[in-house]
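Next up, some structures in structure tokens.
Each of the next two complexes has chain A plus one more chain, namely chain B in the first and chain C in the second.
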Partner chain A sequence: MTTETASGPIEGYIQVDPQVTVDDGVAVIECQSVYYRQLNEAVRKAFADGLKTVRLLNVNGQRYLGTGIKGKDLTIEVHGTPGQDMAMLMDGPTLEVFGNAQDGVGNTMNAGTVIVHGSAGDVLGYGMRGGKVFIKGDVGYRVGIHMKAYEDLRPIMVCGGKARDFFGEYMAGGLLVLLGMDSQLDGPLVGGYVGTGMHGGEIYLRGVVESWQVGKECGIFTATVEEMEALRPVLAEFCTATGFDLDTVMSEPFTKLVPISHRPYGKMYTYL
Partner chain B sequence: MCGLMGICDQSGTLMSGENAIKAMAVQRDRGNGLGGGFAGYGIYPDFPDHFCFHMMYHDVAAKEEAEAVFDRYFTVDLAEPMPTRPVKGIGDAPLLWRYFLVPDEHKLASSEMSPEDFVVHTVMLVNSTIDGAFVASSGKNMGAFKGVGFPEEIGHYYLLEEYAGNTWVGHNRFPTNTPGWWGGAHPFTLLDWSIVHNGEISSYGINSRYLEAFGYKCTLGTDTEVAAYLFDLLLRRHKLPLELACKALASPLWTEIDRMPAEEQAVMRSLRAVYGPGMLNGPFAIVLGFNGGMVALNDRIKLRPLVAAEQGSILMVASEESAIREVLDAPDRVWAPKAGEPVIGRIKGMDWPIHGDLHLSPSEISCAVTGVEDTCETTVEVN
Partner chain C sequence: MPTSLIQPEFKVEIDYDKCHKCGRCVQQCGWGVYSFNERPFPDDSKCRACHRCVTYCPAHCITIKKNELALRENANWSSEQRKNVWRQAESGGVMLTGMGNDKPYTSYFDHLVLDACQVTNPSIDPLREPMELRTYLGRKPDSVEVESDGHGGVRLKEGAGIAKNIKLDAPIIFAPMSYGSVSLNVHKSLAMAAERLGILMNTGEGGLHADLYPYQDNVIVQVASGRFGVNPEYLNRGAAIEIKVGQGAKPGIGGHLPGEKINREVSTTRMIPQGSDAISPAPHHDIYSIEDLRQLIYSLKEASGYKPVGVKIAAVHNVGAIASGIVRAGADYVYLDGFKGGTGAAPAIIRDHVGIPLEIAIAVVDQRLRDEGIRNQASIIAAGSIRSSADMAKAIALGADVVAIGSAALMALGCHLCQGCHTGCCSWGLTTQKPELTRRVDPEWGAERLTNLVHAWSHELQEILGALGVNAVESLRGSRERLRAVGLDAQTCEILGVKPAGM
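Let's turn to the complex of A and B:
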């Protein structure tokens, strides 16, 4: 990070170029002390060179990994702790994190799959409009905020642990699932203000919620057998990716939250 | 958007300032080079009982004027330029000096103030009446090192890797509402309280008016200043237990209060009524450092990130988990603190400068609000 030179001022921060090696068709990039800009350029270059898999080692805090990358057959493996806005605007690749993720995973993501074998932070899937985000552990505040759907695009997010307040806030479309199974958090399955301002999409919670936890724009229902069957393929894919047992996941009743209005704030700024 | 960190070795073991620099360097992109800073505790073992003033002067006239104040009210046992080294990216530094001071016995006696109030009075006097002189810190065995630049640049500028402290806080600034200048960088300090803050205090106006009534003058042009003075008021002067001070600053929402048991409801309603103008509104994550430990706190709906970790006796908090991973090689536990719930590091064997502790019983909390002395006495020290 710093080097003192014999003469002249020292550098506050040195941007190191990443070391890239190709091993059996996989681009392996050593990320220690590499700035996010050089790192993301190296990832793009590896894909431009025709490689299909990039393995990032010793990632710590580098932002925007996988951001804007297009292509269904591409894979990014992240070993370490990726920084903010991972998989932002990502369009097709599979991005797998062996560690915890920070805030803003899947921001405005378009297509592809994100798998996090750990916990993740706040504001996941912000404005997400397609693809899948699977988080094995706990998630923070404002998860699934303003997820949306468009024609055949339907974003899916499944979280294996517990969540804090504002889960599915302003949700406009897609599917958001919370299982509460692999949690380090004390307290209830989910915090308060669940689905506040929700006007599209569906939220499924494995367990029950009190009415005070749920925004007044949501209706609270117990998931029916048919709805659970419709959910099964999504949960099966999540279980395969994260190692949970599908039968155990499906052994508890789920709560379903759906909006009761398409325009909850339609009259907020109008005179009646 | 800003970045912050705090680290406290609860065994009292000293850590190099390099740890704080590393944690902030990883979070470089949370700031924009217009403010970086640190505070370290236990860093002046040769002068543990002196009030150490870190000063910033725009010119020699300001320095002379401030030194006249120090000479008049204190015994100056050491005055020296702050050790710095040239660092690429750091320019236009003010004159930086530090002073190890003991309040003048006669002046202190005739002021009828405690030594701490005497120092607070001096800080307010210098900041508000001497043009171009600013107190960066004024506590015992601690100091703030701050300026305009990225935090890793500022840290190396002040040679922080040569200091050893039991507690460090650090900050990376992205000024949005107020100017980026040397005095406006974080941490903000008073006595040995230091505050680093990510967010905005939208209640700055009402908070600063409230503080003025208690003799605090907000002169540094950054909202965070009020948080440092509020903690001084609530913890040192009003002797509020830490838990209550945190609840006064990040009050539970009324809807949450409605769901509390009756006794707790009454306490929280009183607290919000008494300290309404002291409540910090707006998004924030803050770390409060002091001799004896640190406290990290979020606003009540977690509008700014905060992650915490423990490794052995070390407690660390930061805006991003990556900052923790950069410093701690194998944390025993990493978690995201709940909104409005403080994370506390407390150094074993050191005096806890805070009246009471967490986990008070409702009656103890109630006595702190109502001020019934006999039960309050028993809450001073909880181990």
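Let's turn to the complex of A and C:
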């Protein structure tokens, strides 16, 4: 079994203490063979020590990077491939991945910015309440599921490539954008069940979707000029972060999906 | 054509000779039964028999009776079955209801009896001798290492690595009921009582209102599929974190808190817009396997400084294997919710027909974890219609560490089990957000009644332990030898791990 102590040995894992060097105010951590728990402790300690930037080198599947970290002015650079649930419950920092990310990026995230210079996996931004997630490449299944907005918190996710099924399922708020540019995936822009159970927020898709791909709770519209102008700053920020050309992105018509009702199941019941 | 074939379930009778014509019944009824024109006139069809008007009538002139309209006897088609067909033929809707399963399933608790000491070993008088109810919730180590303390004694070896446990002064906690499904005053009553009793209340999935922050050390914060109100601060406030996978009243079903119940305060606490439905998806979309569950458990631990993380599931067919997976995924406790557990709203068909009895679930989970040698790795919380201290004692003897009470706690606050929680019109001010109704519960009054209830059950449990000749609830835990079955078949006895009476 695994023990609950930070210092004790963890059976089945090679335990390597993370090597932290401070270079010009940046904590540089060599992550090769470091277990996630020690790594995340080292990250939290660096921030607790007053450093504002942590650079993680040779990341190889370590989970929960940036998870639960609070602070607007903090930055985490991830070089390599982070593990699952990156930036989960994150509240403020900027987290940039120079590589691909896996599942659960921005899970229940509250605030901050995640930029992935590559593709990412499934369940991105699940229950996300605020902040921004920018994925340059393709994304997997259940992306943007149950994103929700609250007062001034409005989550934004932009994916540069294509997406699989259940994009924006149960969406309750926020903005979800899919561009379908430079994709490595065959097949359509997005899979089926887009926006199924949607009851808030907006989805913009660069291109068209067939009605069979979209949940019955959504209305399908072509984005108007005004809506595209409203979207422009978000796309501009995405393009600046990921290197796409804004004019090229804006050159195609977008499809807009919005919920028909904020109460999709309001009439489903009879009361005993 | 008639608008409805369904006749009122109850008859409201007012003895107008006694009636003061004060109109208090009109004011008290949340269901809108009464109109007033020189005297109150009841509309029987709206009555739910919650007895709010009866309780507050100064003249004691109101009687609620069953509307005993004769229908042709039919043992197969009960009047309820017939009414439901008519109701659904009228509306085409899924039947929604509140509270727990009301069907006459066997209560195994009522077929189990406890042992007592006679002659050969002495019973203990808990009034004069110490009787320990303290319980620790959480993972226990496989072994402990001790070292000399230098004074002839021993102490726990430094860094021996015991996971955080939560100290409970009694093996009883309040079951999760979300703010939104119940009122803030109910949450305050529960939190204040939990603090006074040295036990825990549970937020349910609706977030933690700021007014409860002073009680946060006695609060379990829940993370459900809707992730309402979940942020790092919320996780860090709780004494423990609970991942809600399922609920006994509606296994496999998500939640729909209707937009009408999402007022400003509920909206703030859940961090969702006012007036929109709060929809909890049926599954957590980041848990599709035991491995995913482990991932979520450890992400919550990472985000909270390694607080205990429990997992709540509904008791279903393969509950033993599921619980084993949960413990192996790293949960500090497993919360088993039996099929009689209550709810703020559930489809009646699911509530009444899905899931298995709690008693069976406790027995098979405890046995499975023992067989696998991992029983120490997690506590078991048992809930789903714990109706008395006897149920509590029997649940513990079957293998639970702690029981949780939800329906009983609401009853302490005035609930009469009228099953109208889903309507948002609770006359007792419990399962509603209407300010004119919620103010009916004074948290101080509520906390006192809850404290009384738990104290009374604790005293009764001490009496039971004394009769059993043990002086700590630890000694009863999983001690099925102290139970006997009355009127259960051999196979059920075997599953429960209990001998029939006489053996």
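By our rule, the second predicted complex is superposed on the first by the 253 of 272 C-alpha atoms of A that agree within 3 Å, B and C clash if a C-alpha of one lies under 4 Å from a C-alpha of the other, contacts with A are read in each partner's own complex, and residues count from 1 in each chain.
FYI, a residue touches a chain if its C-beta (ideal position, glycine included) is under 8 Å from a C-beta of that chain, and two chains touch if they have at least 3 such contacts.
None of these values were measured; they are calculated from a predicted model.
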Worksheet item: Regarding the shared-chain residue A:W212, is it in contact with chain B (first), chain C (second), both, or neither?
Response: first
Item to complete: Based on the superposed arrangement, let me know which partner A:Q84 touches: chain B (first), chain C (second), both, or neither?
Response: both
Worksheet item: Thinking of the overlay built on chain A, is A:R63 touched by chain B (first), by chain C (second), by both, or by neither?
Response: both
Discussion item. Comparing chain B against chain C, which has contacts with more of the residues in chain A?
Written reply: C
Discussion item. Just to be sure I read the superposition right, which of the two partners does A:G121 touch: chain B = first, chain C = second, or both, or neither?
Written reply: first
Worksheet item: Who does A:R164 touch here: chain B (first), chain C (second), both, or neither?
Response: first
Practice prompt. Based on the superposed arrangement, let me know which partner A:M181 touches: chain B (first), chain C (second), both, or neither?
Written response: neither
Item to complete: Mind working out whether A:H199 is in touch with chain B, chain C, both or neither, as first, second, both or neither?
Response: second
Item to complete: With the two complexes superposed on chain A, say which partner A:N100 touches: chain B (first), chain C (second), both, or neither.
Response: first
Worksheet item: Where on chain A do chain B and chain C both make contact?
Response: 1-2, 8, 36, 63, 84, 103
Worksheet item: Taking the complex as given, what residues does chain C use to touch chain A?
Response: 87-88, 90-97, 139, 142, 159, 161-164, 225-227, 230-233, 235, 256, 258-259, 267, 271-273, 275-277, 279, 281, 285-286, 295-296, 298-299, 302-304, 306, 330, 347-348, 377, 419, 422-423
Fill in: Residues on chain B engaged by chain A in the complex (per definition of touch)
22, 25-29, 85-90, 149-150, 152-153, 156, 255-256, 259, 301-302, 305, 307, 320-323, 325-326, 333-336, 338-339
Worksheet, complete the sentence: Per the touch rule, the chain A residues reaching chain C in their complex are 1-5, 7-8, 36-37, 40, 63-64, 67-68, 70, 84-85, 88-89, 91, 103-104, 107-108, 110, 123, 126-127, 129, 142, 145-146, 148-150, 153, 169-170, 172-173, 197, 199-200, 262-272
Worksheet, complete the sentence: The answer for chain A against chain B in the complex is residues 1-2, 8-13, 36, 60-61, 63, 80-81, 83-84, 100, 102-103, 119, 121-122, 138, 140-141, 164-166, 184-185, 187, 192, 212
